[in-house]
Every structure is written in C-alpha cells, then in structure tokens.
Amino acid sequence: MDLTQLLNGIALGSLLMILSSGLAMIYGLRGVTNFAHGALYMAGAYIAYSVAQQVSFWAALIAAPLVLAALGAVLELVFFRRLQHRNHIEVGLVTFGLAMIIERVIVIIWGERTLSVDAPPGLTGTTSVLGSDYPSYRLLVIGIALALAVGLVYWLRKSRVGLHIRAASHDVETSAILGINVDRVSLLVVCIGAALAGLAGTLAAPYVSVHPAMGVAILIQVLIVVVIGGAGSIGGAMLAGMALGILQTVGAIWAPSLSVLIPYAALVVVLLWRPQGLAGKRA
Amino acid sequence: MTIFEGRGLSVRYGAVKALTNVDIALEPGLVHGVIGPNGAGKSTFIDGLSGRARVSSGVVTFNGEDITARSPRWRRRHGIARSFQRTSVFNSMTVRHQLEMVAERNGESDLASLVDTLGLAPVMDRVCSEIAYGTQRSVDLALALIGDPKVVLLDEPCAGLVQDESVRMLQHVRDICREREVAALLVEHDVEGVFRTCDRITVLNLGEVLASGEPAEVRSNPAVVQAYLGSAA
Amino acid sequence: MTDNLTGAPELTITPGGSDSQTRLGTIARHRHWLVGGGIIAVITLLGLAVPYLVSSKFNMGLVLDGVILAFLALSIGFLARHLGLISLGHTAFFGGAAYTVGIGIGRWSMTPTVAFVVAVVVGTLLALIMGVLVVRSTGMTFLMLTLALGQALYQFSTQRIAIPWTGAHDGLQIDLSGGTFLGLTQKSMMNAALFWPVAWVLLMVCALWLWITGRSRFGTVLEGIRENEERMRFSGFNTDLPRLIAFVVSGCVASIGGALFALNAAYVSPELLSFTKAGDALTAAIVGGLGVLAGPIFGAIVYVLAQSRFNTSGNLHLYTGIALVLVLMFLPGGILGSLEKWVRGRLSRRRQATPPSTSEPSSPEDQS
C-alpha cells in the first residue's frame, strides 16, 4: 500500500467526517435521522459550482455553507420544531421526502448532466508528501477537515453554547428545566449541521464530480458512519467516518469488488455486537 | 416452607453497587413487603429476582433449583410473575384482548373470577389507553396474576394511586395471595400500607438490608426507627 | 408511544358489555372472519374485470406495474402495521427473487413455473437470513440494518465479479420462450391484460394470507410485541420467534412480487434492488396508509399512475417527495387510514347519538 492511497483514504474520510458530525449533532439533539443530509451535501456542491464560476472557489467556500445554514433554519423551524413530539421515525421519513424534493429541485435548476469544478488556482498541481507527489487540492481538503474537527470538538467542550448543546443532547427535558433554551440550541445545531454538509459539498466539488446521484450515494455511507460511531456521538462519528474512508479506499486495492461491501459489513458487525454503536450511550 | 429464595444477591450498574448481599425467602400464601427510601435498591431487587437485571453475585432459587441465569420468559412459564412500577400494559389492545392473550399462554383456569375480584368487568372491552390510570394498574396486576403463578413480584402496584385506590389495591393483593396460595413480594412506597398488608417485611437502605422480620419486630427495630421510619412509626 | 404511522388503535367489533356477552363477542368475531373473507373475495372477482375496463395497452401495463409494486408495499406495510417496524431492505427479497428467475431460466434452463417457485423460495430464504440478523432490533436500528443489508446486495449485484450472474449494471434479459407459466406462453406473460389475472389473484391471496395472519392469535401476539415487548417476555412469550416469522412471511410476499415482475418484464436490473426502489415502495405504503391492509395496495397503484402522469418531465420524485411530506405532516395514517378513521368517527357518533352506552365508574385520577 502506498502513501497516495492512504492519503486518498484520508481525504474521503475527511468528507465523511464533516458530514457525519453534522448528522450526529442533529440526531443527538432532535433524535431525528436526517435523510436529507445527502441532499444538503449535494446542494452545497451545486451552489459551489455556480459561485466558483461567477466569483471564485474561495467565495464558494464561504457562500455555500451560509446558504445551507439558511436551509437548515428552514428545516428546523418548519419541520423539526413542529414535529418534535411525533415519533422520530416519522420525522425521519419526512426528511426522506424532503431529500427527494431537494434533489429534484437541484436537477431542475442545474440540469441532469455531470458538472465539474476546477480546483482553485495554485492548488491544481501536486505537492510532494514524503517523496510521493500528491494533488495539492486534496491536501487542502484534509487540512480543512482536520482543522474543522479539532475546532468543533474544542468548541463543544469549552464554550458555553457547546456546553448547552451537549447538555441538550444528553437530556432534553432536564436541560429545559435548567433554563437552556432547547429550541434555540436546536436551531443553532441544525444550521451548523446543514452548513457543514454544504461545506463538505463545496470541498467535494473539485474532487469528485458534481452529479444528481451524489447525494444518495454519500447519504448511505454517512448514515452507516453515524450508526457505527454511536448515534448522537460526534467524536464517534468523526472517528468512524475517517476509519471507513481509509478502510474503503485501501480495501479497494486488495479486493475491489468486496471493498464496497465494507461499510455494510462493518455496520452489521457493530450493531450486532453493540446495538448502541461504538461510542453511543443510548439505543 | 420456602418456595422462592434469593441468597446474597448483589447487582451492579457499572461501578455503582445498586444492591449488596441481600437475602430473601418467600412462602406460599404470605406477602413479603420490601420498603426503603428512594434509591434504596427496591426496584433493582425485583429486577434481579425477576431476571430483568443481571445479578453480579448471589443465587436465586425456585423450589430449590438454581434459576439465577434463567430468562424472564422461563420464569413466567414456570410460575414466577412480576408487575412493573411504571404501568406496563398493552395500550392499543382492549383489556379483554390482552388478558385473554396472556391467559391462553399461561393456562389460566378462572379468568372471570380474577376479573371480578379486580373490578375489571366493566372495562373489558375498552381499549387500555382509554381507561383510567387506576384501572390500568389493576390490569397490570391482573397480567401478573394470570395463570396461577406460584410467585409474584410486585413493583409498587400502588404507585400513582390515590389513598383509597391504594388501600383497595393492597387488599386485593393480600386476598388473592391467600386464596391462590401465592408467595408474593411487594415492593411499596406506602409504608403504612405495607405494615397493614404484609406478613414479613424487609427494609432496604442504600442497597443493603437494614432489618427483616415480622411487622411488629421491624417496627420496633431501633435502626429502622432511626434511619427510616422516623416519626411515621 | 402513540404510533401515528400505523394509525389509531384498532377498535373491535365486539360490543361493550359484561361477561354474559362473551359468547356474543365470539360470534361477532366469527362473523368478522366471514365478512373480511367475503370482502376480499368480492374485490378479487371485481378486479378480474379490470382488463376489460382499461382500454389502452399502455394503461393496462401501468395498472399491472402498480399491482406488482403493491406486493412490495403490502409486505412492508405488514411489518409496519403489526410490529411497528419500517424496513428499507425488502428490495433484497423482491429483487433477489426477480434475479433468481433470470438466473434460473438463463443459466439453469428452468421452465418459468419452476423458476417462479425457486425464486420465491430463494427470496424467502434471504428473508430468513436477514431476519435472523435484524429481528432483535427495533426502531431506527432496524431501519438502518435492513437498509444496509439491502444495499449490500445491491452493491454486490453491480460488481465485476457478479457480472456472469447478474450482468451488473446491464441487467439480465430473460428468454421466456422455453416454457410456460401457469399455461401462459412468453407472449401472454408479457401481455399485461393476459398476465393480469395471475398477478391480481396472487396479490389477493397474499392480502388474505396477511389479513388472516394479522387477525389470528399469532397476530395478537405480534400486536403485544409491538406495544410492549418487555411485558410480553415477562408474560411468558417468546418475542424473537414471532418477529422472525412475521419478517419471513412478509419477505415471502415481496419475493412473489419480484418473481412476477421478472416473468412479466423478461428483464431484471439492479434498479430492483436499489435504495430508490425501497423508497418508492415505502412512500407508496405510507401515502396509501400503513394502518390499513388495503392502504399499501392502494398507494402502490396510485403511485404508478401518478408516475405515468407526472414523470414526463422526470419530476416524479419531486411530487412523491411532496406527497410523502404532506401525508406525514397532515394526514398521519395515510389516505385510506384517514378515510377509515373518518368513517369510523361518523359511525360511532351516530351510534352514540341513539342509545346511552355503558360507561365505566369514574375514577378521580385520569391517565398521568
């Protein structure tokens, strides 16, 4: 196994990590598995395509997460908040329907064909990493993802808002009694989760191609990552995302046909062994 | 004559010792009360005896046979039933539907008299979620008593009931146990009710036995008076 | 947990009353069997007239597609209705059976009839294997596990090592010229009007089977498990085995649908195993109503008709997405479920208006 493959694995893992941490945060707070997360990621990629064409990739890196955060606010205010006393599975199925809508709206706006986004100037070449040449842009993806992961964990652990988020994820009723405004915390979390999905979509745009099936393809992987990591556990989701990204990429060298089954096999093994996931507390 | 026994029972949740070295022996037709303040380990005790919680040390025997590792289902099929502190009924089913279902499974000979005794006849064809809370508690009790169990473990059957409902409930427990020769364990919050109803009493505190014996004995036990009953005794 | 998804708690036909009415109740229950069976028989007969009523070949093909999708929706609805479990993995049995028909005829030269039987057996065995793995889980875990296992099969079917068997993304053409299925030749099998009676009668047989299963003692046990699994175990019931049996029965119904699909289309592709297919069937079942037996069937037929009407611009999933969201938010219980609730509400209001019904002695405290 050479270093390039390992780095590819880390790059894929980075995307999964960003996406799954957002999904895990929303799950932790609202108890809802957001099936629209793949669609949000896809929306991020398409918005990034347009902004990169009109302005620049760097602008897209800011704009796409902002637009997605706004979309997240809609998701929270119109759906999650209104449906919070409903069965979680029903709300999950609502997001399933939303995913279908969002994906189709994207195709109506941008069309069916596969689009490509260029890496920002200066990052189109390769960089030498321990003797092997590696695309510079992918190093940027890895860098941003790792910085984000560290930042997110630090923020959740150290800041007051982070404390509130963790308290509300742990026990909504108690934290409401403690005076934490769960609705506000939830709005913040869903916005951040959606923004992260948008960021992941933006980062992915120059790396993978932008096409109508990209949302569903990644959604299943991200769902698996979150369940393996322990529903609601952000750290667990990050670790599982990275591990799965590396395992899948590296596995593809050894047994290409079987490596696609790795996430599924991993999920089944983990759930049979620990139904609450690797780091999860609740079922 | 002991039919059901727990010896040296301990239950742990992670590092927390919820129950330490507790003994109990139940006899047919007698009601054995378990009291103690909140967090004394009463529910854990019932969970350990009924196979809901894993016992970390000690044995549970039934007719002399070690059944510590048996499943809840095995216990119920062999005559050890339990009820739940938080009402555990089948909400979407009618009372009749669920009682008949459990009766069929456990071979109840006389469901009608049980229904009469517990006063459930008027609500038999109502959906369980729509009947009054106190009546739901009676359904919960009926579910445990169906099929002539030899042992019933009752976890706060009076939780959430008003005074006279509570008195009636304990009366039922006592009558049915006498009549059907059932050995009963009654975990209850209502101390006076337990003293009125039970033939034996065990007092738990912080997961350990504080005192155990006849009601009069326990009532006069200085440790109990000091630590728990206080002015109530 | 109140379960809006599967509709309101079932109301029994048995009139309220005391012990003396038990026998009356039994009679009412028996009458229920007859009435239910009769309704299904009448609908079956009426359905046979469909090919004479639907004029165009195109529309006939659509209605048949709807009925085949209905097998999948019906099987998913059965699990949701009786166990409160949502499966996204039933495509494995549907698609698995369809592929078995293709492989059985193409590779092993089976006749269509034999291939059909083998396919249903294989699909059911897949359900048994998946069932053993997932049956202890509930809620979101169950949904995720079934999704993952179903997708694993999909992914596998598209891999290079599977090409000799599945043709990967190209799918398999099935040559049906070598034999007949229940007397139908290749040409008749692919003719929707001629294939219709087979598919329709089998669908009704499956519906009857599931209805009887749900109404039987076994169905009561399933309801008990759905409502309160722990209390069932503490009441002396095995809870894993009934769940497994229900899962396998439902998988068998999905398999029948898949095998019929392959015989009619003479073509199978990975699309049958896909997440989208699972989503389509689930959406159809929810929109039709999970709490009513006929709900998923109704939903599947409506779904396919809507598909033909709206899919000209490729926007089908936009509309199904909107329908799913609207139904879940404003019409829990689906179309037929809500209709049933409305009819029952009217009936009971009318009943209440005439004689004073027996009421329970009031208790000072209500549900806490």
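A, B and C are the chain letters, set down in written order, and residue numbers restart from 1 in every chain.
We take it that a contact is a pair of C-beta atoms (placed from the backbone, for glycine too) under 8 Å apart; a residue touches a chain by one contact, two chains touch by 3 or more.
Just so it is clear, the structure is predicted and the values come from calculations on it, not from any experiment.
With contact taken as defined at the outset, there is no chain that touches subunit A as well as subunit C. Comparing each chain's Cα centroid with the centroid of every protein Cα atom identifies chain C as the most central. Farthest from subunit C in terms of Cα centroid separation is B. Each chain gets a centre from the mean of its Cα atoms; for subunit A and subunit C, those two points are 33 Å apart. Per-chain Cα centroids separate subunit A from subunit B by 49 Å. Between the Cα centres of subunit B and subunit C there is a gap of 42 Å. Among all residues of subunit C, those that touch two or more other chains are 3. Looking at the complex, you find that subunit B touches subunit C at residues 50, 52, 71-73, 76-77, 81-82, 84, 88-94, 96-98, 101-102, 104-106, 112, 115, 121-127, 129, 131-136, 143, 146-147, 160-162, 165. Subunit C meets subunit B in the complex at residues 3, 9-12, 14-19, 25, 217, 220-221, 223-224, 226-228, 230-231, 233-238, 358, 360-368. Put simply, subunit A touches subunit C in their complex at residues 33, 79, 82-83, 86-90, 92-94, 96-101, 103-105, 107-108, 112, 216, 220, 223-224, 227, 231, 256-258, 260-261, 263-265, 267-268, 271-272, 275, 283. Of all the residues in subunit C, the ones that touch subunit A in their complex are 1-5, 86, 133, 136-137, 139-141, 143-145, 147-149, 151-152, 155-156, 159-162, 275-276, 279, 282-283, 286, 314-315, 317-318, 320-325, 328-329, 332.
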